[in-house]
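We call the chains A, B, C and D, going by the order they appear; numbering starts again at 1 in every chain.
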Amino acid sequence: MALTVDNLTEWINSFAQKVNDQKDYLSELDTPIGDGDHGNNMARGVKAVQESLENKKPAELTDAFKQIAMALISKVGGASGPLYGTAFLEMAKKSKDTTDLGELFAAANAGIKKRGGAQVGDKTMVDVWEPLSDQLAQGSLAQEDIDKAVNGTRGLVAKKGRASYLGDRSVGHLDPGAMSSGYLFTALIETEGIL
Amino acid sequence: MKKIINDAGNVVPEMVDGLVRSYPQYLRQIPDTEAVMRSDEDSMAGKVGIVSGGGSGHEPAHAGFVGKGMLSGAVCGQVFTSPTPDQIYEAIKQADHGKGVFLVVKNYSGDVMNFDMAKDLAEVDDIQTKTIVVDDDIAVEDSLFTQGKRGVAGTVLMHKVLGAAADQGASLDDLDKLAQAVLPNIKTIGIALHAATVPEVGKPGFELKDDEIEYGVGIHSEPGYKREKIKPSKEMAEELVTQIDKTLNLDSSKKYAVMVNGMGATPLMEQYIFSHDLLNLLNGKDIEPAFMKVGNYMTSIDMAGLSLTVFELKEDKWLDYLNYPVETIAW
Amino acid sequence: MKKIINDAGNVVPEMVDGLVRSYPQYLRQIPDTEAVMRSDEDSMAGKVGIVSGGGSGHEPAHAGFVGKGMLSGAVCGQVFTSPTPDQIYEAIKQADHGKGVFLVVKNYSGDVMNFDMAKDLAEVDDIQTKTIVVDDDIAVEDSLFTQGKRGVAGTVLMHKVLGAAADQGASLDDLDKLAQAVLPNIKTIGIALHAATVPEVGKPGFELKDDEIEYGVGIHSEPGYKREKIKPSKEMAEELVTQIDKTLNLDSSKKYAVMVNGMGATPLMEQYIFSHDLLNLLNGKDIEPAFMKVGNYMTSIDMAGLSLTVFELKEDKWLDYLNYPVETIAW
Amino acid sequence: MALTVDNLTEWINSFAQKVNDQKDYLSELDTPIGDGDHGNNMARGVKAVQESLENKKPAELTDAFKQIAMALISKVGGASGPLYGTAFLEMAKKSKDTTDLGELFAAANAGIKKRGGAQVGDKTMVDVWEPLSDQLAQGSLAQEDIDKAVNGTRGLVAKKGRASYLGDRSVGHLDPGAMSSGYLFTALIETEGIL
C-alpha cells in the first residue's frame, strides 16, 4: 500500500471522471451562491491535467504532482485554480521527503489556507480538506466522513469567496468547492492500493 | 441562449483575437496567451507599467483601456473567471520597462490569489510590483473576516487616474500612494433588470420576474441586497444615490466625478434617462459633477441594468488625471 | 417591457436632457427643441455646418457624433420617428456660420420629407443647404419606383468623412461632391437575434423564436430578407460578407474601411467574436481592412444583433478623413 | 351646408377621438409592415391640434387649417407628419379662394402626392385620399366608399414608405396611413352640416 505514479494517475483520472460527470451539478451549486462556473472551471482543469500526464508521463512522484499543479494553475483560473494548484504544488514539495498521504494532505491543506486565508467554518473547500486530511493522517477516511464534511458546509455562513457576498443568505447551500474537493477524496479512497 | 458565437468553450480566444486584429493600432496579443499589451511601445519607455485584467465578459474592460495614458496591458481570463498566474506574469514581464509594474486587481478571491501568484513569479525575475485591490461596490457589507467588497465599475476610474499619473512619470511608490489615497473615495452601486448569460452555462445567472429589478447585483450575477417591482428611473436613481450618500456623505462643498455604467444590454437611451434623473437629484443637493461619463465601461456580458459610480475628488490633481488625454479604444 | 424610464411618452426629452447635461463640454441643447448643437462654437467659425438627425433610439447616433471635426448639430426625433421640420430648421440656423449647412439624411420617407420641409424654411432665410440621402442598407432591393434602400450604420462613416472635410475648410459644393462620390461605396447589412422594444409600444417590433435569427433587418425593426435557425458566428459572417461582396466586389487590390456595429443589446464579446470570423473571411480574400471599428454606433434601442458596413476607400483622402481626430462622445 | 370654423373643429375633434380610440390598432397595423408607431404618431398629432385649437381659437377658416397643419407638422414627425401637415397646409391655402370641400381635398391630395411622390396603387394614404377626394367632388362620399378604399390597400404591394422595404411581403396587410386617413373621411361624413 503505497503512493506511486501509477496509482496517483489512477486517482487523478478517477477524480477527473467525477468532475466531468458532475460538471453541470458543480456549476449549479455555484449558481445561487457564486457565479455558476465551478463545474466548467474544474472540467477545464482536469482536462489539462490529464493531457499533461498523457503527453509527458512523469517518472517521479514529485514531477507528477508538479505537472498536476501547473496544469491546474495555468488552466483553471478563478478562485479554485490557485487553491487546487497550490494544494498540489505543496504536495509536490512535500513528496521530496515523504510519500505518506497524511503528511502530503496536511501540507496541501496548509497551502490552501495560506493562499486563500480561509479557516474551517468559512464555508469553503477548507471545510473538506482540513477534517479529511486529519482523518487521512489517522488512517480512517471513509465515504461517510466525506459526505459529512461536504454536507456540513450547507449550514455555514460563507466568509470567503464569492458566496461571502451573500452573508446569511449563503446558508442552506452546499459550497461548490467543498463538493469538488469531496470528489477528490472519494476518488482517493476508491483508488485501490493507494491508502 | 441566442448569441453570436461559435463554440461556448472558445469565446475568449476568439474574442481576444477579433479585438486585437480590429485594433492593431492600440493592441497586440502576447502569443499563446489571452493577455494583450499596448502596441505603442515608445509611450511606455521609462515609465512604470500598469497591468489589469480579470475574467472576461466585462468588455470593453479591461483591454479597451489599454493604450497611451492608461493601461500597459490587460489579461483576459475565461468568462467571469480570473486569469491564471502564468498569463498575468507574461503581461507583467512585458509591461516592465525597468521601473516596475503596478497591478490593478478587483477584489475577488480568484483575482487576488492569481495576481498574487503572478507577483511571486515576477519577484523571481526581480521585477518590482505593487498592487491595488479595488473594492468599490458598496452593495456588500465590509468586514475584516470576509473577502470584503467587490471591485466593479469604479475600477475603470482607478485605471484612468493611475494611467495618467504613470504617463507623467510617477514612480511605483507614487502610484501606490495615489491608489491608496484614491481608493476609499470611489463608490459604486448597481441595479439589474436581467441577469447575464455565461455562454458555457447557457442560461441567465439568476431569474428576475418580468416586473422585478434587483439592487446591488455584482458584475458576475452575484446577488444584490434587495428585489423590488420595477420603478420609474427617478426612484431607481433615488435608491442608488441614497446608498452612495450613506458612504460618501454627498456635500455641495466637495467635488465629484460620476460614472453611469451600462451593464451590456441596456441601451444608452435608458442610461441617459437615468442620468437625467441622477443629475436632478444631485442638483437638488447643489452638486454639479466636475466630471461625468455615461456608457458601457464595465459590463456584465448581456446583463440589463446599470451602475452608478461616484468618485469624490479630494484633490484637484485627480480631476486632471481624469481629463488627461488617452489613446484607447473605450475610454 | 422592463426599462429604466419614467414615462414612455417622455423618453426623448428626458434622454436628451440627460445626455446634454452629462456632456456639456460637447453639447448644448437648443431651447424648446430636442436638437443639440456642438458647444465648441469656435471650432465652427467660418466653416460649413453639418446637421444630421433622425428618429431617436439609435444612440449614440446622432448626438454622440456632434463635436469638433464631425457634426455641428443633431436633431432627435421621437423614438424611431423622424424629427419635425421646425426643429431641423432651428438646428440649420444655428449650424450656419455663413458658409451654408450640409444635411445628412437617412433614406426614410419621413426623414426625407421633414428635412425637405426644413430646407424650404431655411431657404427663406437665405441659408444655403445641400443634402445627402444615405441609403447604405443593401438588404432592400433598390428601384426607381420605390423609396429605395434604407440608411443605416454607414451613415456614421458619412458623418465622419464629411465632418473631417468640413473642418478642413471644404465648401458646401466640395462637401456635396464628396458625399456623392462616397455614397455608392458604403454598404451595410444587418442581422437580428431579437427585435427592439419601442417604449410607447411596449413589446418587441417582431417576434423571433428562441433559435431564430433574421438577416437584413432594418434599424427600426423593418423586416429582413430571410429567417433562419441560429448559426455559428462564422456562418453569419459568411452570409453578410457574401451579400456585401455581391455589391462591392471585394478585391485584394482595393482598400476598405470596416465597421461592425452592435444593435444595442449585443455585448462587445459577441461583436469581437464576429469580427474575428469576419477578418478570417476577409483575410481569406487577401484583404486586410485599412480601417476598422467595432462597437455600438447606430443602434436600434435594445435590439440584439449587429450590422456589417464595408466602405470601399476609392481615394486615400477618404482614409485620412476617417482617421482625422475628432472631439465627440462616441466616435 | 357649408364649411365653418365650428364644424371644421367638430370634424377634427371627431377625427381626434377616432385616432385616440384606435391608437393601438393603428400602431398594430404599422407593426408587420412598418415600425409600429403610426398610432402614437397620430395621437401625438391630434392632441397638439386640439390643444392649438383650444388655446388659440381661430376666427377664420384659413387660420384654422393653418393651425391644424402647423400642429401636425411640428408634432407628428415621421412620414405621416409632413404628409398630413402638407394636406392641411394646402387646404389652408385653398381656403382663401373657396370653402368647397371637393376643391380643398383635391388640393390636399395633390400636396400629399407632391410631398411623398406616391401614386395611387403604391399602398399609401394616397389610395384613400385620391379616390375619396374625387367622390367628395362628386358629392357622393359614403362609408362604404371609405371602407373600400382602405381595404383596397390590403392587396397592394407597397412602393413608398417603410412598407416598401418588404416588397411582395407587404401584400395582405392594410396600410396604416390609409386606415388613419379613412378615419378622417369617416369623421367628415359624420359631422353634421359640413357636407
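Methods note: contacts are C-beta pairs under 8 Å (C-beta built on N, C-alpha and C of every residue); 3 or more make two chains touch, one makes a residue touch a chain.
As the structure is a prediction and not an experimental result, all values here were calculated from the model.
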| item | value |
| --- | --- |
| Rounded Å distance between chain A and chain D, as computed from the means of their C-alpha atoms | 74 |
| Separation of mean Cα positions, chain C and chain B [Å, integer] | 29 |
| Inter-chain centre distance, chain A versus chain C - centres from mean C-alpha coordinates, in Å | 53 |
| Averaged-CA centre spacing for the pair chain D and chain C, given as whole angstrom | 31 |
| Where chain C touches two or more other chains at once, by residue number | 79 |
| Chain D, residues touching no fewer than two other chains | none |
| Contact graph of the chains (line, ring, star, complete, other) | line |
| Pairwise chain contacts, counting only pairs that touch as defined | A-B, B-C, C-D |
| Chain D - residues contacting chain C, complex | 27, 31-32, 34-37, 40-41, 44, 73-83, 85, 115-116, 158-162, 164-167, 169 |
| Residues of chain C that touch chain B when the two form their complex | 2-7, 11, 14-19, 21-23, 56-57, 59-60, 64, 79, 191, 193-194, 210-211, 213, 230, 232-234, 236, 260, 264-279, 292-296, 299, 301-302, 304-306, 329 |
| Chain B residues within the chain A interface of the complex | 55, 77-87, 108-110, 113-114, 116-117, 139-141, 145-147, 150, 198, 200-201, 205-206, 218, 220-223 |
